[in-house]
Every structure is written in structure tokens, then in C-alpha cells.
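Note that the chains take the letters A, B, C and D in the order they are written out, and that residue 1 is the start of every chain.
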Amino acid sequence: MSIGASGELADVSGLQDLASGDARRRLNRYLVIGMTIVGLIVFTALVSFIWTPYDPTEVDAEARLLEPSTSHVLGADKFGRDVLSQLMWGARTTLFVGVVAVGVAALIGTPLGILAGMFPRWADELVMRSNDLLLAFPALLLAIMFGAVFGASTLTAMLAIGIATVPAFARIARSGTLQVMSREYVLAARAAGRPRFAIARRHVLPNIAPLLIVQSSVAFGIAVLAEAALSFLGFGTRPPNPSWGRMLQESQELLHSAPLLSVWPGLAIALAVLGFNLLGDGLRDHFDPRLDDRR
Amino acid sequence: MLPALLRRTAVFLASVVVASVLVFGFMAVLPGDPAEVALGVNASPEAVAEVRAEFGTDRSKPVQYADWAGGLSVGDFGVSYVTQESVGTQINERMQVTLILVLAAMIVSLAIALPLGTIAAARHKKASGVALSAASQVGAAVPAFLAGILLVAVFSVQLGWFPSSGWTPPDEGFGDFLRQLILPAISLGVVEGAVLTRYVRSAVLEVLREDFLRTARAKGLTPNQALVWHGLRNAAIPVITVLGLQLSTLLIGAVVIERVYVIPGLGSLLLDGVSNRDLLLVQGVVMVLVVAVLIVNYLVDVLYVVIDPRLRRS
Amino acid sequence: MNANTHASADSGVDAAQGALAEPVLAVEGLGIRSGDLRLVSDVGFSLGAGERVGIIGESGSGKSLTALATMGLLPDGLTASGSVRLAGVEQELLSAGERQLARIRGHRASMVFQEPMTALNPLMRVGDQVAEVMLRHDTRPDKRGAADAAVDLLGRVRLSDPTAAAKAYPHQLSGGQRQRVMLAIALANDPSVLICDEPTTALDVTVQAQMLDLILEGVAARRSALLFITHDLAVVAQVCERVIVLYGGRVVEAGPVWDVFTNPRHRYLEGLLAASDLEHGSADGRLSTIRGAVPGAGQFPAGCVFRNRCDHATERCESLPPWAGAPQHGFACWHPAGGERA
Amino acid sequence: MRSLVRSAAVVAAGTLVLVFGACGGEGTESSGGGGGGGASTTVKIGLNAEPENLDFTTTDGAAIPEALLVNVYEGLVKLNEEGEIVPLLAKSWDLSKDRRTYTFQLQEGAKFSNGDPFNADAVKFSIERVQSDDWKISLKSYMDVVDQVKVNSPTEVEVVLKQPSNNWLFQMTTRIGAMFSPNGVDDLANTPIGTGPYLLERWTRGDSILLSQNPDYWGEKPPMEAVTLRYFKDATALNNALLSGAIDVINDIQAPDSLTQFTGDDRFQVIEGTTNGEITLALNNESGPMKDTRIRQAISKGLDREAILKTAWAGRGELIGSMVPPTDPWYEDLTDVHGYDPEAAKQLLAEAGASDLEIRFRVPNLPYATAPAQVVKSQLAKIGVTANIDVLEFPARWLAEVFTKADYDMSIVQHVEPRDIVTFGNPDYYWRYDSPKVQKLLAEGDKGSEEEQTEALKQVARTLAEDAAAAWLYVFPNITVTKKGIEGLPQNRVSESLDLTEITRG
């Protein structure tokens, strides 16, 4: 249990065993469920590229607020747009949301964290304090700023979420690096005069990769929730591109008369977040054999 | 301890200054002119020029920054030219509302996460442990505003137990205040609690593997006693880190719940401020946020030292 | 087959004084399984008051698991069978509930573990952790009494400044000092049985010797029985009167240390002693070793568990060799060293 | 392990008991009016846009006059339900033959809330202040036509116009007609000082404004002793407040689809009327593809207004063909001019050589705009026009990009000012519509008699429709939902003000 370890889900101390123990490759419960859900979403998103029952943005006055029926399997929203097609296309937005947010957070946060871990004297304080500052700039403010400067869209919203998640990645990468740097074989490599960046690439990165993967899947879930919240406040995906968050926001006023319109997107969001969180837990248990139930 | 304290305050001040430059830069780059926003569709070019002069936004950026930062250093946030009210008082009022809401939510969150997280970890093999862990997964997957909307639909519209919205300061009517606080605190607390439960579970799981727990049992403590007397305090460290993070993000993150329950909190103030291009207000709010987050982090570090003797420099 | 069934038949053979009285700790037919994987089978032994018995074996022989099973501290997923009885406790330990075991552990039977660095709660003062075991079992009138006793115990395990040590936190003590604290905790309530699971393995040599003296002194002062688990033949010879040799989860030989070490009967013990005797090298000066390597859990051959590495193995060894000799002094080998079976 | 579970269960249960225990006592104010005399002379009204500050002389937005005009500030005249100009602080007035001089007889004994008397001097001060630099918003230009103000006696004032203007008297019913006391204008943003029947009791920002009865109001005291205006940004929160009894009235419902909650419930009554808010599809007449009249006409023909209203706003609101709400005297039903005819639209587009046109559809992030925008986009796609929606943060970015720079092809927004057809006479306005014919007609209309004005403006409306200067969709509905027994709320919102003086509670 290293002190000041990252509070993020991916606890660090399982690290000692990653390098040494023969991490038994075994699919545990969480991993299986997580992968199936995420797989389902990816599959739906891919299918939506080639086929959706209707064009999700096509407004059809006659089909307004249709209950689920043969023509519209999950019914139609107040614009007469097919709910199923929107959900399928929404899956695409959700994946896009996650990839952008996690990508940005990982690409910026990880090197920062490694830097902080490897150069404790000057880099550590700098990175940690800038982390605090980043934490103080709420993702919401960033989303509005980027939306205003570059035009509100899913991309700008997710850039903001990504940057707001940088501290989490930096923190994990830092504590992971601190752990690895104190390892004997790394000390040996440093003693042998290996340049720090070679060490970072050969030793540090592969070792904290599992933690980063776990954090990425959790961050994915958080990004999906953030998109829903931003849409609720009117800053999320640009209409008419379907997004689960905006579907939920638009159907909110119909909660009493057509509750299903809120149920589908709400369910989809919860399922996606659940899927990514389970994937996170599953990966954490998978990479950390000591939690292996069978032993 | 003195040099550390000195260094820490120096870093604190440096961070605040950097933050002020950052937020000022952000607002300077933000398109949309406050004067135009104030005059709206009834703006004539001359009027916009006059209002801009009145607001002082026609001065050069560095001058504006110096004026604002100068005021800030003596605690004067300036007067918002959009609402003509002192930014300081607005932030103060709204900060109290947000702090009460967030702390109430934190209490609900801890009341859920500590017991459930511990049990989920202690029985992570048995069905009940897995069920608890699954429940926390689902809880953490629900958007907070959805929880809010559903709670309102059931508990205030249907059952009429609680008001659906509004806020009464505690000193103006404690009964109303409490009844208006419950639903928003639960909406926020349940979702945050579900997230916290998973961290508590992971921290307790981690601690269960520690050798000193086995020593405790070898001393004659039952597994429960070992966990409670020895385990929980060690599990507190990562949980406190997460609590700090949650507290920092909720100061503004609660805006979603403020919007559903119409609570005049800091988040709504910030949101309105940005859409009205109320530069002084937004800059003021962000500065307060930066200081709040730095204080929270400082408290978290202090808690670390209180809990963990290894960190105390003898 | 377990060595203990014959105990009544030829009592009196053993020289150890305590053997006559009712044994303090009696383990019979102990088996430990993880699911369907047998890790330890048919282990039996008994300890008289004040008697010092060693269990030796390489890692993976099941010696630590045997110790943990005796204390009821097996990790999740492992189940024990057979019987463990402690003098003064009519309840069979293996089927006792957590509550009953909790009353025994640290009071009538206590244990010292291998790794001192992580054995103490980092956030709690050393004195409090020692006092806790006494408060838990009400062996001291009140907090004050327990605290003073703790300081006294720390002194008895020869910590240089016991009062300061009591106020210190674990990270302020060295590995050796922490192991002494563990010993103080274990001996605090004058247990009738002290189990030490490789207590000195993690310590450097100089501290190791002091630790062993402290253990001997402690058990002697309390006439507690000592069950000493180690892989170090020299340590066993120095500390224990009797020794039990485990291999592949089975007892392959047992008996008084001197007899067993001077003329080992089981081929495994013979090979083990040869490997640790520096002069006893082969012609070209190479140290003698046992061929092959210790199989993984569950991969030990049927019958005699050592036969796949034994130069004298014949098909006869495919059936489990019965126990030859007295329960406390015998071996299980079809082709023992030093002549045919008695 | 069981003990741990039991203690945890106790903790959890304890929290719940605490939580629900606290809620004991009576439920929320039950909707039945709560009985007792006190309750029936107070009313709580839910609105959605909160004023940023209380000074409508320097800050735009409909929220400030909505709350303060007529209730706190009074003008010489005001609009009644039917949109006619009726006396208020002026008992009566007469117009000289050359239609340039109005002589007002003022109410005696009227006082400002700070005690200052209301007299001719106050009228002169207020009118001249509008012409001064103290007023910033462009509405003040309606006062430019005033040449001078003469105080004949404390209760008689003469206003001489540079040239006759029907519009001037009408504008005196809006915010520029509000009467101020000379020493009551130093902190207009926070403390309004007017002669109205209500005083500003308390304003908790982000929550509500409390208006209480002015004890020494000169006129007949309004039935309601106190009126609370509560502000809800979220439409559902507004509805829930009425359903749970926290408020008694929803002034204008923002989520038409949620109306079924109220229409089916006999505890409530729904009043539907019109407003001055024209939902207008603004077209940039100066630059980009919309410069070509044929393309603008094609756009108008490509829109099925019926379907747009039905889909985007649940069919609530009235279709219009020009910039004129039904309540204006020169209203004519022009919805058939360039009515829905997709084939003709395609043909026109082909003629203009723009068969697969792509346009920038820059929309404010407001629900009443994004909803119809999506329907418009989908309909225009059917006639080969791709409208790329770009959502702009309102007000800041929409004002900067569309209103000021006119950097757009098409936008959609609701214009709430009364009689804002005159904006088509100003080539610099963001439609960038410059038609000398319309400008001449507007000027004649203003100078002539009321009948001449009505005739002239009818022609203006028709010309705008034929020219497709913009594509008018519908007038925003004024949907008020009140608890049973509450009367006196305006059905049609004709003026900037939400007149609270006639509210009664049965």
C-alpha cells in the first residue's frame, strides 16, 4: 500500500506481483460480463454504420410518439424519429465520446505522471500542483469554453471531459512509476547508466500499462455519464446527431405520458457505464492474480 | 515542520496566481462580448461602445487583469456589471448553499459506501458480497439527474412527502430547509455513494490481504474484529483520497442536481455567469474554486499524516 | 497411515520427559485440500509440555500449511480434515467455530510468522499491539496492567529500551526488533503451545541466533511446547529435540534429531543431509544434490511421494510405504538407507 | 461475519429512519389553497427566465419588464387584454389636429414608492431621460420622434412630436413609457422605484422575487396582497412545482408535451392564447445563397408549417405567414403566401441554379429553437437543401455571430418585442432586408391616422411574405396553467408586462 497512492479504482499495490507472478490468464466473472456489454455496444455501433431501421434524424410527423410497434420496434420520439435507430447511432456517439475523452486524458496524463514519478524533485511538485489546478477547473466550465470557442459539439464536450480526467491518469501513472522506480532491477538498470527515457519505455510503461487500461475503462464510463450530464444542461452533442444523453434530455418532459422514451436511453447509458466499470473491475482482477478466487 | 509549511504556502500562493492568469486568459479568449450580451437584440453599435466603456471591457487586457487581480488580493471580487451586485456576496451566498448540499450528499454517500463497501469486500466470495458489489456497479452507472428526476416524480409529485424544488436557508425555516434538502442530497448521495462503495470495497479487499490482519487473528481476534480494529483504519487512506476528489468535483458537479431541484448553488451561478459573459463573476467563482480545491487537498494531506505515522517527520 | 496410532502400544520408548503425560497438542490424520487438490495428507504428531519438535521440508512440502491448519488460520479456499486436539480444550479444533478458536488463539496456542516487516499494524503503536493480546484474553486486570506487562515483555525479549519501543510505531523498528515484538505477543499469555513458522528465515544470521535463544528461553520459562517449522537443518538441530520430515505433504520420517540426522532411513532425508554436508562431495568435488526438482502441488507421484527422484525406487514404491518404527520415531520407505526394514 | 452485517444494516436503517422521520408533519402545501384567508390573497407564479438585474433601461431581455412593468413601474398608458391603449397614470389625453401634440391629464395624488409625488415634472424627466445617454438599449430610439415636453400644470403635460406617429403612443405602453422619479434612479439595478400597485419586497437571486402590495397606491388596490414570482430554468422542475403544490400558476409552459399532465387533471385549468413571439426562420437577405429571392421563396415553399408546429411544439401555437401576431390590428392570414409546395420549391431552386444547396443553419441552444430546427432540417432535405445545424450558445455567441455580424445563412429565433415588424424597415438589422417600398410604407403608416397605419402595415406584411424576407413559422403559444379558482391572468400576452393586477383567487 504505497502512501498517497492514487485513490482511483486501480489500486497500485497489486503491482508488485504483476512483474513477478505468473499472472494466470483467466477470465473472471466481471471481465466476461464487461466484455459482453462493451462488445454489444461496439457491435451495435458498427451495425449502425451500415444499417439502421430508419434514418435516425428523419422527422416524420405521422409517427410522433408512437408506442413500440412492428413498424417502430422501440417506438418513436416526439419528432417521429425511430428510437431504435437513434439508440444504435447513439452507440456510435458513446464510443466516440469515450475514445476522445480517454484518449486525451491518457495521452496527456500518463507522460505527465511518469515524468513526475521519475523526476521526483522538480517535476513531481509541478505536476501535482497543476493537477490540483486542473481539478479546480470544472469539466463543465471547460466544456462551455471549448463549445463557445470551437462551436458546441460532441468533440469539444469530450475534449473538455478528457482534459478534466487528466489528473486521474497523471496520478495513477505517477504512483505506478514511483513503485517501479524503487524496484531492484530498475535500480540496477539506472546503476548501469541506462538513460531514464529508455527505462521509462522498457520498464515503467509496460508495468503500469495494466493500471492504465483499468483506469481507461473506468474513465470511459465516467465520460459517458458526463456526456449525458452535459446534454442535460444543453452543452452536449449537437442536434440532430443522436446521442443517448440528448435523447434522455429531450424525453424528460414526456416522463409521465411516454415514460419509455426516457427508459431506453437511460437504460443504454446505465448499461454502457456498467459495462465499462465491470470491464475495469474484471481487468483489475485479471491483472492481479492474488485476487484470483480459485487459489 | 516550519520549512515544509512555508514551502507549502508558497506553492499555494503560486498556484492561486497561476490560476488567476489562466482563468482570465480563458475568459479573454471566450467569444461573445459582455456589452453585447447585456444589450441583446436591442443593441445599437454606439450603445455597445458606451456599455463596453462602462464595464471597462474596452481597456487593454493587461490593465483589466491588473485591476481585477489587485482587487482580488485585498479580497474584493469587484461588482458584476451584469447583475450590478458585488461578486463576493453572490459567491458567498451560493457557496454556503453548495457546501450544505455537497456535505449532506457526502454524508449520505458515506452512510451507503462504508457499510456496503466493507461487507462487499469481506464477503467478496459469497453471493451476498457479489450482489452488493453488483448493486454498487448499477448505482454508479445511473446519471445523477436521472436519479433526481425519478425521486421527484415519486416522492414529491406522487407521494407529496417532499417539495419538488426550492431552497430555504436554514436560519429562515429549519423544517422547510430540511425537507427541501433531503431529495437533492439523496439523489447526489446515492450516485456518489455507489461510486465510493467500489473504492471502499477495493481498499478493504486490499487490506484483507495484509499480514497484520492474520497476526490480529493469531492474537485471538475474530475476522470481524480484526477487520474493524486493524483493517478499516488502513483502508481509510485511499478512501480519503477519493473523498477529496469527489468533494472537489462536486462543488460544480452538483449543478445538475441544482438544475433539477432549482437550488441556487455555485454551479448554477457559474453556468449563468458564463452564458451572460459576466466575466468578473466567472473569474471570481473559479478563483474561489481553485482555493477550495487547494484547501481540500491540503486537508487530505493533513488527514494522511494524522492517520499514517509513517508520514510524520520525527 | 499415520504415525500416531501406535502411541499407546510402545509408550515409554521416547526419551522426552513430557511424552508420558497427556500430549499438549495432538494432530492425527491431518489432510489439507484445495478443491480436489490434496496438498497435505495423513500428517500426525503430538507435543508434550515443554517439548521442542521441529517440522522440516523444502518449500511446497506443506509444512507451513500444517502449522496454519493447527491454528485454524488456513486461507480461504483450503479445507482441513483429520483431528487437532489441544490439552484443556475438549472441542475438536478443526470443527470449532471462529468464536471458540478466537478464545484459544493467542492464549492457549500462539504463533510467530516468517515475515516480520509486514506482520505488525503500521498505524498502531507497538506497545498497544502487545497489550491487545492480553486485553483480548483478560489475562491482565486492566489497560494499565496490560500496558505495563507489554513493556515488561518487550524487555524480556531483550529490546534495548522497552518503554521507548512500546511507544514506537512498527516502521521505526528493524526486522529483528519487530520479530521480537511478535515473540513477545506470542508469549504474552503463556501459551501451552508456541508455533513458529520459519521465524528467523527473514533475519540475517547474527540476529537469527539471538532470536532462537529468545524462543528457547521463552518456551522453557513457560514449559510451553514448541512446534518449530523450518527448512534449515542446522537450526532444527540446534533448537529441537525431535524432528518430523515432510515431503510432498506427507511425513516421510520422524524421530529424535540426533538419531535421525546421524542415520537417516528415508532416502529423501539421506539425500537432504548429503546435500547440506559440504565435505560430503562426489569424486570430482561437485556437491551432491537430489536429482530432479520438487514437483508442483498435486503432481507428486502416487505411493511413495519421493520415488520419482529416488535412485533406489522400485515398482514396490508405487504402493504407499507403511510407517515403520515407533509413531514418534520411524520412517515410510520400502528401501530405507542403512539396511533392510526392521 | 454476521455481526458485521447486522451492525451495517442498523447503520443503513438508521439513516433511512432519520431521513424519513424528518419529513413527518404535514405534507407540502396541499394544492387545495391551504384554506384560511391569508393564503387566498397570495399567489405563487412559476416562470422560466429570471432577470439578470432589475434595470430595463440598460439591460435587454423580456424578464425584467415582464415582472416590473405595470406591476411596479407604470406608464401614462397601458395595453388592455385586447391590445387597446387605455389610460393609466394619464386619466385622459387628446391629440391636436396636426396629430403632433398630445396633452395628457394626469392622475392626482399618485406617489412614487419613495414618497416623491407623481406630477408633470416627473413625466418630463422620464421622457427626456429616455432620450439621454442613461438609456442604452436601442428601444429608446422610439422616443427620438419627441421634439419637446411642456409642463402646463402639475397635472397637465404636453408632448410635441417632430412629426405625427401612431407608433409613439403605442410605444409609451412599453418599458420606454415607464415613469421614474427624478431622485429614484440611482440604483435601478437593485431597487426599482415606481408608482405601481406592488413594491419589490425581496429578491433571492436564482430563486424568486416577492412583490407585496403598495399600501399607498393611488389607484384601486389589486386583489392579491403578495405575489411570488419563482424562476425555474428546467421545464420539468417547473411542472413538478405546480403538481406538488409549491406554486399555483405556471405562466408559460416551456414543454408543451407535458401539458397532458394538467389537461387531464381537474385540479388545474389550462388557458391557451397567443404571444407577440414570432418563431421566425431568419434568412440572410444580404449575403450568401439567401440573397436570391427565389431561393428564399423556395425555402418558404419547402416548409410544411403544420407539421413543424405539430412535431416540434405539440401543435400549440398559431401559424403565421408574416411578422404579425394575430393580436395586431393589421393582422391578415398570409400562411398561404408561398405555402407548402415542395415541387414548386424544387423547381424554383432549379431555376436559381441551386438544386443541391448547402446552407449554414446557425441556431441558438434554446429548446424552443432546437426543436423546430431539427424538423426544418429534415423537411428541407426533402427538397434538396442540406441545412447544417450549428448550435450557438445563447445569448453570447448567437448575438455575436448572427445578430451583430450577420454571419449566417439561416437561423431560427423567437422575437418577443411587440410590433417588431418595424425591424424590417432597418437594413442594418440582422435580416439585412433593404426594401425602399417597405421603408416608405412603414414611415407613411406611422405618420398617418390609425386607419392609414393599419392599411399601410397590411401592405408591408404582404410584401414581406411575398418577398420571403424571412420564413415565419408560428406565433409562440401563451399557455398558462393555474390551480382551479385562480382567474385574471392574461390569455394573450400582448404587452411586455405580465399584468398581475387583475389576479383573483376564488
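FYI, contacts are C-beta pairs under 8 Å (C-beta built on N, C-alpha and C of every residue); 3 or more make two chains touch, one makes a residue touch a chain.
Because the structure is predicted, anything quoted here is derived from the model rather than measured.
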| item | value |
| --- | --- |
| Steps needed, at minimum, to go from subunit A to subunit D via contacts | 1 |
| Comparison of B-C and A-B by number of C-beta pairs in contact, larger one | A-B |
| Nearest-to-centre chain - CA centroid comparison | B |
| Whole-Å gap separating subunit A and subunit C, where each centre is the average of the chain's CA atoms | 51 |
| Gap in Å, rounded to a whole number, between the CA centres of subunit C and subunit B | 55 |
| Inter-chain centre distance, subunit C versus subunit D - centres from mean C-alpha coordinates, in Å | 89 |
| Distance between chain centroids, defined by C-alpha means - subunit A, subunit B (Å) | 21 |
| Contacts with two or more other chains, residues of subunit A listed in rising order | 144, 148, 252, 255-256, 293 |
| Touching two or more other chains - residues of subunit D | 236, 393, 396-397 |
| Per-residue multi-chain contacts in subunit B, two or more chains | 30-32, 125, 149, 153, 210, 223, 234, 259, 275, 308, 310 |
| Complex contact set, residues of subunit B against subunit A | 11, 14-15, 18-19, 22-23, 26, 29-32, 125, 130, 137-138, 140-146, 149, 153, 198-199, 202-203, 205-207, 209-210, 234, 237-242, 244-245, 248-249, 251-253, 255-256, 259, 267, 270-271, 274-275, 282, 286, 289-290, 292-294, 297, 304, 308, 310-311 |
| In the complex, subunit D residues that touch subunit A | 235-236, 239, 255, 257-258, 260-261, 304, 307, 310-312, 314, 365, 370-371, 373-375, 377-379, 389-393, 396-397 |
| Contacting residues of subunit B [partner subunit D, same complex] | 30-33, 36-44, 47, 50-51, 82-85, 90, 93-94, 108, 111-112, 114-116, 118-119, 122-123, 128, 149, 152-153, 156-157, 160-167, 175, 178-179, 182, 186, 223-224, 227-228, 259-262, 264-265, 268-269, 272, 275-277 |
| In the complex, subunit A residues that touch subunit D | 57-59, 61, 64-65, 78-80, 144, 147-148, 151-152, 234-235, 238-240, 252-257 |
| Parts of subunit C lying in touch with subunit B, wherever the complex brings them together | 71, 73, 76, 98-99, 102-107, 110-111, 113, 115, 118-124, 132-133, 136-137, 169, 171-172, 182, 185-186 |
